[in-house]
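Below: one structure, written as structure tokens.
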Amino acid sequence: MNVLKQKAAVPPRLLLVAAVAVGWAFVGNNYWIFTVTAGLMLGIAGLGLMTVVGWGREISLVQAGLTGTAAYITGYASRSAEGGWGLPYLLAVAVAVAAVVALSLLVALATSKLSGIYIMVLTLGLQFLIERTVFTSRRLTGGITAIQAPRPSLFGVELNSDRAFYLFTLAVVSLLVLLLMRFRRSRYGRALMLVGVDRKAAAAAGISPRRYKILAFALAGLFAGLAGALTAP
Amino acid sequence: MTRAGSVVAVMVSGALILAACGSGPKSPSASPISGSAGSAEAAAAPAPEAAPGTAPTADSAPQSAAASAATAPAGASTSASGSPSSASSPASASAPAGFKASAAAKGGAPGASSAAVPGPTPGKQAPAPGAGAATPAPGAPAGGNGSTDVGISPTEIKTGAINMHGMPLGNLLVDPMVRGMSAAAAAINDAGGVYGRKLKYIDCDDGPGETSRAKACMKKLVEQDKIFSMLTTLSWSSAAIGDDLARYQIPLVGAWAYSHTEWKDPWQFPTHMSMLHEAFAGAEWVRDVIKPKTFGLICLNAPEMQKACSNVNKVLTDAGAKMVHKVDVSLTPGDLSAEVVAMRSANPDHIIHYVINPASIAKFVVDAAQQQYWPPKGMSGNHLAAEILGEIFGDWPVNRYWTNTTYKLWGPEYMATIRKYAPNNQGLNHHIVQAGYVATNIFANAMKQVGPEPTRQKLLQVLNTPGAIWDAGPGLDQKFMWAPGQRDSDGTGSRSEYMYKYVDANTTASKDNSPHGFAPDPDKFNITDTYPDDNPIEGTKHH
Amino acid sequence: MTLGLQFNGNVFAPSVVNGVASAGLYGLIAVAMVLTFRVSRTVAFLHGGLVLMGTIFYWWLTTPNRFGVGGRPGLAPWVGTVIIVVLGAVIAGVYGLVVTGNRMAGWPRVTLTTFSLAIMLLIGGILFETIDAESQTARTPFGRHTVKIFGQFVTSHQIATLTITAVVVVVLSVVLKATRIGIYIRAIADNVAGSRLVGVPINRVGTGVYAVSGALSALAGSLLAAQIGLDVGGNLGVFLRALMVCILGGFNSLALALAGAVLLGVVDNMLRAGVFGALSMGTQELVVFAAIFGAVLAINRFRPQQGSEALAEGL
């Protein structure tokens, strides 16, 4: 009984952190709220990098390019002006995430038989390529002058204000962290980490290193996509 | 979580709360002169009644309406209190004389209650500047102590700007501009300020011109520093903050008009020709003076510059010339020797560049010099009227390079003010420094016309006065009109510029402040863009 | 994006000459990285930091002040070069002492690689914030005389850079093959545990190798400052291109690294000069990427054994 109670209770320290993370936005000024929100978005991209670099032990240098690509695609798909598609925000996010995950999977498949520094260098090459193609496309990006993407309204809740958008981003980050924690403890997560630590041992245990490396890249793409999608508005 | 971890978590949380309560750092690049240009101790302005109002947007254009007015932090605002060195300046400090604004048109008296509402630009519904908004009515100051609006106190007027100190050659291009504006403010303050109020200039650095940092700077300047107005903002994000200006209902005097949208934005009052118009004006000069049969283009790989290059291409091909090669360069090019090889092989009569960033074109020039290549009829382009140019260009392009610029070089009062109040600008003046200087003076003059109880609404009404001509000052020979429907007037800075020839590698101004190394082009000095403003030439296709 | 289908022969020779001439910089940095990889089985991004340090500090040491303002010593280029090389050796030597020492040598390779990446960003960030010199070019110790080769003017600075790189490759190859220290380095590269068992002084050898390669990276930085100029993004771009070049030699062969540098320089120059028609920047990047990727796959196919275990394990 006591064990069950302990497992069900939320640690008070975590509650305190949550309260502060939410509460400060009601007393803070927009400059800091905006800045912290930007930091949270980078954090999401960082979480994705963690799965491939920290858990999968492969260095990917294309995470920034993927995040930027997702940002531009989301902006383009969600805006009505300047040739955009005018899709609802969530649909635009889905399109952007799908595109970026597909790109990430392409990298993973292309390098599945290679490892180590080959992946690092090839993802680096891809980063250069994205910078010179996607990031310079006027249609997609609006160029140096940038095109404003509208802040979304989700389920009747307007996210126009910096505070509202911060709280939304915080909720997304919290959810993603929880999901990652669950994933890490699951057999897939443990398998991924074993592949990262000792590929041969994983293979001996019947775990396919190739499959889990692809999974790691897909997760990295997913997080980069979400980070980019939040950055756009 | 361990005990130590808990302590760390609590400390971090506490730090966040403290920061959120407005005791954050000053602008990272606050010019030290900004403190001296303003008063040493600014009286804390009372919390304004006029919170950023809701923009009356009729459509769902991609412009976020400020739905909520942020609660003003309770703490005192962070004022950059520098040493009031201006107090010790000689009594004979000269005010920037010879500067006038004339409301020549009928019914153009400043403070008129009905200012024309500008027509909406496609996709945008801007709130009408000058129309009634949530600001105190004229003649009714908010407080009883001279604080008639946000950023106005009995002793000071706060202005701000966003500048990309992190751009290539930032220390040689952006820092001098900030010093130049601070110098203009210092001169005005020494002459008594504006109805006794000193101008204070707060600079916010958005790095290499990054949009997210620029937007963060906007929030900081408006909500934290509580400025009254923006001044010249030298950043690639100058168009991207247009929505923020509308949301906060804050004017920007002295936009550098990198994007042509800044000339169309009713909240921006540019003191520089837009890149697109410069492209037209320059191309028309090449067509009429150089008359090349073939030409080459060097273009920045940014969409705005690609558009400018497309327009140049159209003007010259319409005149029967042929484009034989186009080079795209980035903001930070490495080695351009291969591009020189390609251009030499194509052998154009004349090369035109729209690159904006001097570092990029300087690289081409240096590599061309190394390859002993230069087009037979020379090279021209915009935005390089700078005292530093000779140092980075060298001798190779002498007498075979031209650059168009908004102001005449350099202006006696301008140089006198800069020499006195910004001595570190020696050898670093350029056309954007001039634009910022002019903006500061025009701002002060407009505020004088507004009267001793200024508000943003009144300022906007003055700036939008139909027929009002805003003169840049003696020797600069430029003027601007911003009233709705008049922004595109012939003979003003939105259409008219000057073409200078690069005649000597020593481009530092002479001791008598006259330009050295730059000479007015003998064939056609005053150049104009005769294309209609909403011209049909788009040319947005990539090459 | 369009792919040109033409061939412009008149720019072929000049672009090849230009490409070879610019290969020296890539090659020097690549050699430094191959050396350190062999001894530590990690990619030392530190070299990127040393390249940045070399560019900006060399500029600061050797550029005269404007109108007496700046506080710079205005040293002769040769003196500046020597100082930079020594500084690079010292910084890298200390780093090598730490990462090849008992404490960090056993850390996961990815951790060490990320650590060196952080050091690189720290060095670059601190230096470029403190010293305002973006987009300026430094003086060269080799002068700017030019020689015309197949229609292309090549400067004495470029020739000197290429010569230095070639000499370094030859000397180091001899050292690796014919000296005791070279044998130690090769032993460490093949089997660290075994080397330790037979008494190879890993820490001392590692520190020495890092010091030498650090000197080379810093030297590359100073040469870069005079040839291309100062710019964080651009200079790092050269370093990252050199990193791509190393992969062609499997991070094992110095000669292949140099060959890769030449290949990259030539392909890059040919594309930019328009040998295959006017290509957009995006298309150029795609072709370079495809060329390197293709070369990597080909080399991996035909030389799968050499160092593959080290590559698979190491980063």
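We just call them A, B and C in the order they show up, numbering each chain from 1.
The rule is simple: a residue touches a chain if its C-beta (ideal position, glycine included) is under 8 Å from a C-beta of that chain, and two chains touch if they have at least 3 such contacts.
In this text the structure is predicted, and so the values were computed from the model without any measurement.
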item	value
Chain centroid nearest the full-protein CA centroid	B
Selected pair, greater C-beta contact count between B-C and A-B	A-B
Chain A-chain C separation of Cα centroids, rounded to whole Å	32
Separation of chain A from chain B, taking each centre as the mean of its C-alpha atoms, in whole Å	36
Rounded Å distance, chain B centre to chain C centre (Cα mean)	40
Sequence positions of chain C contacting 2 or more other chains	237, 281
Junction residues of chain A - those touching two or more other chains	136
Residue list for chain B, restricted to those that touch at least two other chains	301, 542
In the complex, chain C residues that touch chain B	8, 10-11, 14-15, 18-19, 22, 66-67, 69, 132-137, 144, 146, 152-153, 155, 227-229, 231, 233-234, 237-238, 268-274, 278, 280-281
For the chain B and chain C complex, residues of the former touching the latter	166-171, 175, 301, 325-326, 328, 330, 332-335, 337-339, 341-342, 345-346, 359, 362-363, 366, 370-372, 424, 426-427, 542-543
In the complex with chain A, residue positions of chain B that touch it	1, 6, 9-10, 13, 16-17, 19-22, 24, 60-68, 70-71, 73, 123, 209, 211-212, 215-216, 219-220, 223-224, 236-240, 243, 258-259, 261, 301-304, 306-307, 540, 542
In the complex, chain A residues that touch chain C	53-54, 57-59, 110, 114-118, 120-122, 124-126, 128-129, 132-133, 136, 199
In the complex with chain B, residue positions of chain A that touch it	11, 13-14, 16-17, 20-21, 24-25, 27-36, 38, 79-82, 136, 138, 141-151, 158, 160-163, 231
